[in-house]
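Down below are the structures I want you to see.
After this come two complexes, each holding chain A, first together with chain B and then together with chain C.
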Partner chain A sequence: MEKLKYQKLVNDTTPKPKKMKHSLIAFISGGLLGAICEILKLILVNVYDMKITDASSIIIFILVIVACFMTAFFDFDKWVIKFKAGLIVPITGFAHSIQSSALDYKKDGLITGLGANFFKLAGSVILYGIVSAFIFCLIKVVFYG
Partner chain B sequence: MASFIYKDLYINNFYSIAGKNENNGILKNVNKYINDFYYGEKTIEDSEIKMQKEVLNNLINTKTDLIVGGDLMNQITATSSSNVNNNISFLGVYNACATFVESMIIISNFINGKSIKEGISITSSHNLASEKQFRFPIEYGAQKPSYTTFTTTGSVGCVLSKNKSNIKIKGSTIGSIVDMGIKDANNMGAVMAPAAVKTLKEHLDYTKTSVNDYDIILTGDLGSYGTKLFKILLKEDYNINIKNHIDAGSIIYKKEQEKYSGGSGPVCLPLILFNNILQNKKYKKILAIATGSLHSPMLVNQKHSIPSIAHLISLEVTNDNNI
Partner chain C sequence: MTIIYSFLFCGFICLIGQIILDNTKFTPGHVTSSLVVLGAFLGMLGCYDKIINFVGVGASIPITSFGNTLFNSAYSGYLSGGFIGIFNELLCNVSLGICSAIIFSFIFTLLTKVKD
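After this line comes the complex of A and B, so read on.
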């Protein structure tokens, strides 16, 4: 069979991912996680008299700690497969990616293993996060003062 | 094309170790199962080396002249490390999931050419070690498409010589590298199916046989989607209708284990061959085609298409007493 014909055959026979179903699961699971965080925030603001900005920071802090803890001691990877991007898009995914790289490379030494591979997956998030933040700040300063 | 026919060449002994997931599958009479991925070692790499060492310890004897083998780890270090200081000549080979049959063919030709008398072929793979090597960190749990395969954990070795036994090696064909321009490293079935078809056709032409002359044609790890393509290609290119085909990767796990489209890895084919097909008295004439997807994560990231290879070995069980 010719190359192009074969590639077309492969394209036609390979099952397509169920994007609609996955997005719906992610929408619901991510929404639930967001709702839990919102309730926590309201508790912090109303019961402990915190400022809203402080409460948000503390929530992020809690999410990171919980995600790292779950990755290290429980099956967070299996939950991610089940609940899709709903668990990855919040800061939990970022913490989880760092924690999983760290677990993989901890035996390869502190410098050559853990240190070098710590941001293996999260590195692009940090880099492009900083770059896009810089560009948007530039636009804001130039056009809106 | 290099095909060979051997007159008196036999598999004298084999030993296999399989992992926890494989234990829950369809394998029978595996010599040993390991219940956790670490096998009492500190790292997953060490556990793969330990598995291979154990297989070798059970197979090496005073007559062993040569060991040929390979695995999926970087620079085939698991096989090299497991052969340290055993004072036996060693050749390391790599053809991804076709490594085991490749090493069997090398030893067969050495024995057939009377260069050596007895050789051991060995391979191993470890699910977590190859996840770390080829894909994402283990605990990351990346989303995978349903057509991807799950690397089998285990180690298998076998002893080949001219001493008579009931498993005879009749012939072999060394495959050539085929690249059909598939770039998706998750879709290894589609990458490897054309190579399997090509090698099978070359062997049938060389031996002047047809697929119906064999009781079973066993492919390595095409997975359920690759199997579909394998059959379509055979039908369209050579007008061969294949009914006696089994794919080791597709059957190694049960459906409820949810391992995507099946198992893969160099141990997938030998585990099924030795612990399922050869234990079944129904199968006398066996063609085993090991397929390998020769990609590296680096070249896949650079958008190269993935080359693949398939090696074939033809076996015949001569009497009813299986070893």
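After this line comes the complex of A and C, so read on.
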């Protein structure tokens, strides 16, 4: 009985996240990022006569550099807290996770700190990406030929 | 017109991520990993390439495209070199994202002061 009461008290007092507002912010910020990149791609393709694949490679490259730079020298963490999934889900989140774990563990030395913890957060993305791509590739080969 | 499609698609993926983050106890690591798996699955079904053709760069920015690219390079590796070809070419096309992130974050980390 005591436990149930306590649980109810905890549930009542923990602040409820404003879900609608958060998802709206994530939708608009992520969408704006996509729209800006699409405008950049149109400029690169139409003005500088690039292929579409080259243009998208350059855009991903720019995004990664900007995310690493902002995390290292400015407060990108604040932006991530503000815009949430709008910055975590695009490729900026991947760069941000690598850069922030590198910054956090630099104090333990270059090998045991920086080298050992470099992929602490981004490692899961690489691991499950490779494993799932391999398995889906085998499935496609077996069933579709 | 592709600008509007990019806005809608990229925002939609971010919206899915945010809904998972808010309603469950998953961390951002869970969300990004599962989105990568989703992207590889959509790549297997063949829809993600059509989406990229239709939407534009707005579909190559989210992390789902990482999984799709991994799957595509694995499959093209199988077509060109058989079973060993999968291992040969799996990381070919995503190497841009991974290598640029590694090299630039290493340089920027060396340039900053040690945090307490």
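The working rule: the second predicted complex is superposed on the first by the 143 of 145 C-alpha atoms of A that agree within 3 Å, B and C clash if a C-alpha of one lies under 4 Å from a C-alpha of the other, contacts with A are read in each partner's own complex, and residues count from 1 in each chain.
One rule holds in what follows: a residue touches a chain if its C-beta (ideal position, glycine included) is under 8 Å from a C-beta of that chain, and two chains touch if they have at least 3 such contacts.
For clarity, every value in this text was computed on a predicted model and none was experimentally measured.
**Q** Which partner chains sit in contact with A:F134 here, chain B, chain C, both or neither? Use first/second/both/neither.
**A** In the superposed model, A:F134 contacts chain C only, not chain B.
**Q** Classify the contacts of A:T112 with the two partner chains as first (chain B alone), second (chain C alone), both, or neither.
**A** neither
**Q** Once the structures are superposed on A, label A:K3 by its partner contacts, choosing first (chain B), second (chain C), both or neither.
**A** The first partner, chain B, only.
**Q** A:L103 contacts which: chain B (first), chain C (second), both, neither?
**A** both
**Q** More chain A residues touched by chain B or by chain C?
**A** C
**Q** For A:I126, select first, second, both or neither according to whether it touches chain B, chain C, the two together, or no partner.
**A** In the superposition, A:I126 contacts chain C only.
**Q** Return first, second, both or neither, reflecting whether A:P15 touches chain B, chain C, both chains, or no partner chain.
**A** A:P15 sits against chain B, while chain C stays out of touch.
**Q** What residues on chain A does chain C touch that chain B touches too?
**A** 17, 22, 71, 84, 97, 99, 103-104, 107, 121
**Q** What does chain A use to touch chain C in their complex?
**A** Touch residues, chain A against chain C: 17, 19, 22-23, 25-35, 37-42, 55-57, 59-61, 63-65, 68-69, 71-73, 84-86, 88-91, 93-95, 97-99, 102-104, 106-107, 114, 118, 121-122, 124-126, 128-130, 132-134, 136-137, 139-141.
**Q** Could you list, by residue number, the parts of chain A that touch chain B in their complex?
**A** 1, 3-4, 6-7, 9-10, 13-15, 17, 22, 71, 76-81, 84, 96-97, 99-101, 103-104, 107, 120-121
**Q** Report the residues of chain C in contact with chain A in the complex, numbered from low to high.
**A** Within the complex, chain C touches chain A at residues 2-4, 6-15, 17-19, 21-23, 28-29, 31-33, 35-37, 40-41, 43-44, 56-58, 60-63, 66-67, 70-71, 74-75, 78, 86, 90-91, 94, 96-98, 100-102, 104-106, 108-109, 111-112, 114-116.
**Q** So in the complex, which bits of chain B are touching chain A?
**A** Listed in rising order, the residues are 42-43, 132, 136-141, 143, 145-147, 180-182, 187, 190, 194, 225, 228-229, 232-233, 236-237.
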